[in-house]
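Going by the order they are written in, the chains are A, B, C, D and E; count residues from 1 in each one.
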Amino acid sequence: MDLLGMKRFKRTRIKEKVGLPPGTLVHVGERKTEKIKVTIIDYDPKNYQEKEVERIEECFPFKDKPSVTWINIDGLQEVGITEKIGVHFGIHPLVLEDILHTGQRPKAEDLGDYLFIVLKMIYHDENEDEIIGEQVSLILGQNYVISFQEREGDIFNPIRIRIRNGKGRIRKAGADYLAYTLLDAIVDQYFLVLERFGEKIESLEEELVTNPTPKTLQVIHTLKRNLILLRKSVWPLREVINALERGESPLITKPTGIYLRDVYDHTIQVIDTIETYRDMVSGMLDIYLSSLSNRMNEVMKVLTIIATIFIPLTFIAGIYGMNFKFMPELEWHWGYPVALIIMLTIVAFMVMYFRRKRWL
Amino acid sequence: MDLLGMKRFKRTRIKEKVGLPPGTLVHVGERKTEKIKVTIIDYDPKNYQEKEVERIEECFPFKDKPSVTWINIDGLQEVGITEKIGVHFGIHPLVLEDILHTGQRPKAEDLGDYLFIVLKMIYHDENEDEIIGEQVSLILGQNYVISFQEREGDIFNPIRIRIRNGKGRIRKAGADYLAYTLLDAIVDQYFLVLERFGEKIESLEEELVTNPTPKTLQVIHTLKRNLILLRKSVWPLREVINALERGESPLITKPTGIYLRDVYDHTIQVIDTIETYRDMVSGMLDIYLSSLSNRMNEVMKVLTIIATIFIPLTFIAGIYGMNFKFMPELEWHWGYPVALIIMLTIVAFMVMYFRRKRWL
Amino acid sequence: MDLLGMKRFKRTRIKEKVGLPPGTLVHVGERKTEKIKVTIIDYDPKNYQEKEVERIEECFPFKDKPSVTWINIDGLQEVGITEKIGVHFGIHPLVLEDILHTGQRPKAEDLGDYLFIVLKMIYHDENEDEIIGEQVSLILGQNYVISFQEREGDIFNPIRIRIRNGKGRIRKAGADYLAYTLLDAIVDQYFLVLERFGEKIESLEEELVTNPTPKTLQVIHTLKRNLILLRKSVWPLREVINALERGESPLITKPTGIYLRDVYDHTIQVIDTIETYRDMVSGMLDIYLSSLSNRMNEVMKVLTIIATIFIPLTFIAGIYGMNFKFMPELEWHWGYPVALIIMLTIVAFMVMYFRRKRWL
Amino acid sequence: MDLLGMKRFKRTRIKEKVGLPPGTLVHVGERKTEKIKVTIIDYDPKNYQEKEVERIEECFPFKDKPSVTWINIDGLQEVGITEKIGVHFGIHPLVLEDILHTGQRPKAEDLGDYLFIVLKMIYHDENEDEIIGEQVSLILGQNYVISFQEREGDIFNPIRIRIRNGKGRIRKAGADYLAYTLLDAIVDQYFLVLERFGEKIESLEEELVTNPTPKTLQVIHTLKRNLILLRKSVWPLREVINALERGESPLITKPTGIYLRDVYDHTIQVIDTIETYRDMVSGMLDIYLSSLSNRMNEVMKVLTIIATIFIPLTFIAGIYGMNFKFMPELEWHWGYPVALIIMLTIVAFMVMYFRRKRWL
Amino acid sequence: MDLLGMKRFKRTRIKEKVGLPPGTLVHVGERKTEKIKVTIIDYDPKNYQEKEVERIEECFPFKDKPSVTWINIDGLQEVGITEKIGVHFGIHPLVLEDILHTGQRPKAEDLGDYLFIVLKMIYHDENEDEIIGEQVSLILGQNYVISFQEREGDIFNPIRIRIRNGKGRIRKAGADYLAYTLLDAIVDQYFLVLERFGEKIESLEEELVTNPTPKTLQVIHTLKRNLILLRKSVWPLREVINALERGESPLITKPTGIYLRDVYDHTIQVIDTIETYRDMVSGMLDIYLSSLSNRMNEVMKVLTIIATIFIPLTFIAGIYGMNFKFMPELEWHWGYPVALIIMLTIVAFMVMYFRRKRWL
């Protein structure tokens, strides 16, 4: 579960980046897909058009069309594509750099003609039972949205279907509403991932009670670490969406602001839940440690009881196992039974003592 | 004790919600009651009318009556009812969505014509000895309050009685005062639940001193977790009521503002108490761990004393149990008593040693 | 040490309060005194009058006298008295409710004609060696102060003496200065209580070093819990006095504001000290736990040394205690002394080993 | 190391203070010097005059001289001196009270004609290897500075020398610059004290690695407690100097403001370092505890290995030490060597087992 | 790894500094280079000039040239150089003092004609496998940047190359852009250092799972301490760059502001990562402690199982090793096999017991 691609990011960053002037475009990050795929969806309340393009130049005419255009790019490794888009749509080199350098902190920037939003999309890969983090960048212009993903995914598919079917507000609303639906889809994924965490915490709690093992500790530790990483990637989202929702940019219309408020509420809820889970996992570690101590106490009691009862008895047996010539007891007829009775008395006394101490 | 219905919420949310446009009305949450029950109470200082309606349309005429109307809906599963109310009373689809999706973070939103308040009602179910969380949504309009509950409950009954009897301010005041009394009733329930926690903490503290067991640990853990969940559901309440009390909405009159200030004070007190309880429960865990260590020390001391006294004695007995042909001591007449005296001397020495170490 | 009367408060609150409209006057809390005692002190720079009244109506004429009047009421159980004062002095029902419901969070409210201040008085009861918390409410009007206490106490006596003697500013200043002196007296009590805590912490620290016992743990726990409760009751005081000192109410004159600033500084100092004590007590628990571990190590070392030395020796003795027919060593003349020498060698080796490990 | 004289302060405060009207002048605190010493330094760019006065009245003429006057008073026990200064220089009774009551929280107050600054001077007493805290109060008027110390010290000596020599800005600048140099000298002392802490932490860290003992724990505890107390006394300094530096008082000229900014930076650095040290000491306690556990594991392993190897062997020896009449093995010629071989096999097996568990 | 040179700084500071007036120039810190090296780079879009100067006076003519001049000084020990620069470029004595006193808290100050920025450069020394901290001070004037380093380094080399090659914006932009690139280069180094930490944390995590040793503890401790120190040096950077980026100084042009925003984002990311690492390392310590407890439990179980099985058996053997004259069992023909069977039964019972307890 390499939530943030953090390690890889930095290693490559330094090697490739140092010495280059700021704004130089180099793709930094894992190559997560083989082929880059560019799709265009163009719509207004009446018309709808969807196509996959071979050459990025095919997108350019859509910039000035009044209809809403959504250009989606899966795969970042071909720097040329991003560069061409940058030139044609007039995007600042630092923004392009941020798009290509996966491992950005989520942020939203108002650059006048367009808004730049970068965030982490996090989802659960059913095949590998892994949680995967991926950087998504959005450029929101007057009547277009350009989205950059690290690999092809199906999270945005329901939105495509909604646009095709013309259901709901989406066909009637502008590019800002489209950007909102994309954000909403991403934040919804967080709930899915949190649900996984929730399930794991629940099953852990049962395990903790019934049968804690060293493996339980391992799972707690992994959970804790992943929550730390998840938190790191969600916290900034709060400011991002808040910045958008305050609606200072003319690119975001007031009705869309209300919808963004809704996403904001979801983000807060995600953050709340992460904090709650962290508190819970912390608590579980304490319980685990206490359980260990409890068990140790248990083990030690057994040892102590056995040892404390038998060691004195063995000693007495040892006494009468000595080979001294003159040991009167050995000659007595009732010597053996008396010795046994003494031993039993000691046992009885010990058991009483442990009872009083509540060890038995 | 599934305080927040969190788990169920998210599982259903994802399955049913993903792919639908925002504002689509689907009930998300547990179906907590069989039949939906809609009651209307309509009053002004002189008149009073109360009825249970079969068809939701019967409520609509009350919208424009100058008297105060309280429409209470128990049960959320029939989406149609909420939808019709939404259409007739002009409520934003996102608000309706929030009403139906239980698991909302408490919040208050000013939507111009009406205020939307959603919060958690928490109460103790005497039958099942459980604490139950339920989402309550309030729509406060000019002269009406619509309240949505997940199941029928008796928390609002005293308010109904007060309206019937015409006692106090309630019949003379407006819809905002009615909304306040509902909020007040909900916050009062928190005190009841906290009282339960307080009792549990107190009895735990006694147990901790007299006889801590692994079960004590279990109880501490459950308490801690529930306080974490409770906290998550109460913290946002602070902002909610503060937002209302600041009185920026014309729907809330100044005299009611003073009453809301009172509810605000109660909320702060609830939060303070939760934090205090959390600190206390944390402290109890530390004490528990220390107690375990203390006990372990105790156990180990007993073992060590017994072992340290008898192991050397047993060794001496072992020496004279050897079968060497030529062991002069065995032949001596006083060999046996001398051996016993040596053993006693060792015991005396050991006891002194343990005394000096304060182990005895 | 039931610092805040929290438990009792809530239990009664719920039983008596639920179902009643807000502003209904019911005394909620422990009945701490048998008889209610009402005293009036009325003074101006020249005149001075002090009397205990039987009927509360005797107080009413003082409302409009230009001289400063201090009405002090010890005991809250007779709701009628509070109610009559409320009616005559024009006090809001919610304020009266707060006066009667002990267990309020400290707060100051500006209600136009008068200021309402409620806070916790905390003092040490020498007889029972207990710390006692009590709610004190103050109503500060134009030329009167009404104070409500749960029981008769002697904390305000020095103030009475100062008024009688006419020493200092008090006789020359107005009602706001009187309210300040009452607050000052209450905050001074916190220092006394903190001094107790300080002494206890100091003696604990010595105990921790010289001879930690399970009882030490108990004391640390109690101290920690009481500091948590004390903190809960002092923190809000900060806002209370700050609110008064900012001097937005015309009832508080500027010269008195400077004196309130002084009380504010004291409050901050109290809070600082509580936080410092909490940190210290937390640290003590850590030290306690570490001491336990240290002791356990000590105990285990003793056991291990004894066992590790004697178990092998006993084994050797056991070997030569076997009854095999053909054991050549047993027949040797020097068998016994050689066996003893082997044992001594083993002991020497073990002692060296433990020395190197620094266990001896 | 009684950093803050806290205990003594409060004990005396209560006994002497309660019942007196506010502003009554009583010296509260330890009497730290035998004789009060009053020195005056008066200078302007050209002239310089320094003398020790017998009667405080000799200071009074300097109040209205245009040259800068520094009146320094060592020792607070003669209340009369402070009182006379208060009357002549027009200082508020509460300020005088604060000067005499050592144990104040550091603060700066603007009282119009003069600024009142009270703070903790902390320095290391080389003779007793102790860190000593002392209250220093400064009154900054238009052209005079009055400083009150609890005892005679040499921290301000370099400043006196600089004034005498006329080196640097000091003779050319006003009273505000003098006050700044006094503050700077006090804050510089904090660095010296922190250096002590730093050295101790460093030597502790080495000890922790090479040879942790119960005494190490004691030192960690003392360090932690002293850092808590130091922090309490430094934190408020931040606000104090910030308040001065914001330059709202006309008594502080703009050029001096820049110098105060420098002191402010130093204060922040002191606070940062204290926080860092606290984190480090906390970390050391964790390491200490872990080390203890490590050692315990070590000890237990030795015990377990010895016991696990020899207990079964001793048992076998015990078997053949039994005196049953009919034990065929005892009669066998190779019985004894076979028994020894069996024992050796068990040892070999055990050693292998422990090897696999990495205990050996 | 003496990240902040903290110790040395303060020791020398006190000895050399106390008693001197503020603004006296003394180099405080380690002498990290033998010879001071002053290099000048002067450029405008067309021309470019680079030279190493012998006498600092050679720099002075560049002050008033319209082209951008970068004066870089490696080594601080020759106070005269700094002083001369200070006089010629009109720099405040306190600023010069800060430049020479290594160990400053990072800060940015606007002094009208120029900006003063001081920060920590941190990099990894490959030769000694150490992380090294060094103070870098920047003076940003209208058309010049003066940088002070403690020793010669190669971090700024890529920038020199970019200027030489005239690649990117740098030759076209002003002095503010040059200052930005220096800041950017320094912040980039933090990523490199964090990468080291990241790698160490990762390898530790593996070690923690597979084979925790006391050395692991040592590494965790060092990591924790270094993160504390690193944090102390990075946190203030946030304010520094934020202050610059807010663009209140006319020395920073708007386009450069956008680039500074980028550095600001990087700083936030560095801080986030440090916090995340701290959380992770804290978590690892908990896991380590729990692992120790787990192992101890393991060890104790082995001991207990062995002891509990064999101690009773040895006792039985001891019984029949007694030499009483009259012990009927000894005479029985089947005595020996029956005794063995009894022993086996006990073993079987014990094993069952341990199985049920899940110890086996």
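Quick notes on this structure:
Here, a residue touches a chain if its C-beta (ideal position, glycine included) is under 8 Å from a C-beta of that chain, and two chains touch if they have at least 3 such contacts.
Worth saying up front: this structure is predicted, and the values here are computed from it rather than measured.
In summary, no chain was found to touch both subunit A and subunit E.
In summary, the chains found to touch both subunit B and subunit D are C. Inter-chain centre distance (subunit A to subunit B, centres taken as mean C-alpha positions): 26 Å. Subunit B and subunit E, compared by their mean Cα positions, are separated by 42 Å.
Centre-to-centre separation between subunit C and subunit E, using Cα means, comes to 42 Å.
Subunit C has residues 289, 293, 296, 300, 303, 307, 311, 314, 318, 321-323, 327 in contact with two or more other chains.
Viewed as a contact network, the protein chains form a single closed ring in which every chain touches exactly two others. On the subunit B side of its complex with subunit C, the touching residues are 157-158, 161-162, 167-170, 181, 184, 188, 191-192, 194-195, 198-199, 202, 205, 208-209, 258-259, 261-262, 265, 268-269, 272-273, 275-276, 279-280, 283-284, 286-287, 289-291, 293-294, 296-297, 300-301, 303-304, 307-308, 311-312, 314-315, 318-319, 321-327, 357-359. Listed in rising order, the residues of subunit D touching subunit C in the complex are 6-7, 10-11, 13-14, 17-24, 92, 94, 104-105, 107, 109, 211, 214, 217-218, 221, 224-225, 228-229, 232, 236, 285, 288-289, 292-293, 295-296, 298-300, 302-303, 306-307, 310-311, 313-314, 317-318, 320-323, 327, 329-333, 335-336, 339.
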